[in-house]
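Read from first to last, the chains carry the letters A, B, C and D; within each, the first residue is number 1.
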């Protein structure tokens, strides 16, 4: 149950708005500096890694077929998205546009016709 | 410049679709196991931390006023979003919903009226 | 209480030896690939960050005066050292020498007389 | 080449001493709060992960046979050790003892005779 009268957010912008209100309601904005949020983001990514660290790559591909593991991974991914969205919002960065701009750069560096299947530094 | 005939994605779903095509065009799906993508995500978060590690919290709040730093942080956040979106897509997880579900849980654990401004374990 | 007849290790080499025996006793060597160990290392660093993420830099300087926090941070640092030592051992890398060699490189890049107190990219 | 009149450190204590002098010579102690050092540590672990992220587990086992990769991984492990040692030193924590104490705890939780080869949460 989330704070009364909230509807579920459908977009990153709505999620950011909800996280902003969530922080304001608890007077947590003071803690939400970009520095602190970057640490929190990294902490959550660490928890996500911990769920996958002993799996083989093949087991990781099938992880959603294990309901317990699937739920934990989904929750950790949710946590990562929460802090990433909050950090971007605090900095005034549009997440999808930042990703798209970066992808455009990567596409230029790794043209499809020259990097197909190559084991070289593959990104992203 | 990104692959021809792409329009800029406006939503996480469109970004995910674009990343899927990007990987297929380069035959990189084979490398995009959840395990590998989690590592790549963590690697990018590490680069983001590196931009902020020596800043004071106050400097981090003002970081967008430094054009060079702002550009680098925006690019790193873009990279983090790329791998987070790609990982969620590979697993069939809706990022915004996973975040919203997690937020609902956190809201229950930290009701606004009892945690206001508290320095206790603050989340998120 | 650790496995019988162990004495406490005094050096990194003795710690590495103890971790090797620990893994062998449990038949965990199969899981201790460099890839998996790097993920486990990152997971533990994430837990360490989580202990510090909401502290001000000043609070972090005093953290050892809070017995509960001090114990948790020490335990997390112990975990990080465990996986770092294990990973280096599996790869045949001498931790102290690898650090010293890297430090020599950094010393050349940042000579003391030209970087004193500078806020530029400070390493390490 | 490191600062004149240094001999190579042989132990963690000597490495810590050398890092202390290194920071003092550059007046970097002011930046070396536990919070900042934890971020720097995580940043270096991110660079280490980046070297391993696209390798199969089997490729990661053989990585030291590739001289270029071996050198990069060794350098990243050196960086991780530098910040871990510096952070422990700033906090007054003995790295080897902290690891040993943690290992003793883990040994109790995962007795050898009951966890042999098991795929359960394996630590460490």
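Going forward, a contact is a pair of C-beta atoms (placed from the backbone, for glycine too) under 8 Å apart; a residue touches a chain by one contact, two chains touch by 3 or more.
Predicted model only: the values in this text are computed from it and were never measured.
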item	value
A-B compared against A-D, more contacting pairs	A-B
Equivalent interface to A-C, taken from C-D, B-C or B-D so that over half of the residue contact pairs match	B-D
CA centroid of subunit A to CA centroid of subunit D, Å	26
Chain centre separation in whole Å, for subunit B relative to subunit A (CA means)	3
Sequence positions of subunit B contacting 2 or more other chains	31, 35-36, 38-40, 42, 45-46, 49, 52, 54, 56-57, 122
Complex contacts: residues of subunit C adjacent to subunit A	31, 36, 39-40, 42-47, 49-50, 52-54
Complex contacts: residues of subunit C adjacent to subunit B	35, 38-39, 42, 54, 56-57, 119, 121-122
Complex contact set, residues of subunit C against subunit D	1-3, 8-12, 14-15, 18-19, 22, 25-28, 30-31, 33-36, 38-42, 45-46, 48-49, 52, 55-58, 60-61, 63-64, 73-75, 77-88, 91-93, 95-105, 107-108, 110, 112, 115-118, 122, 124
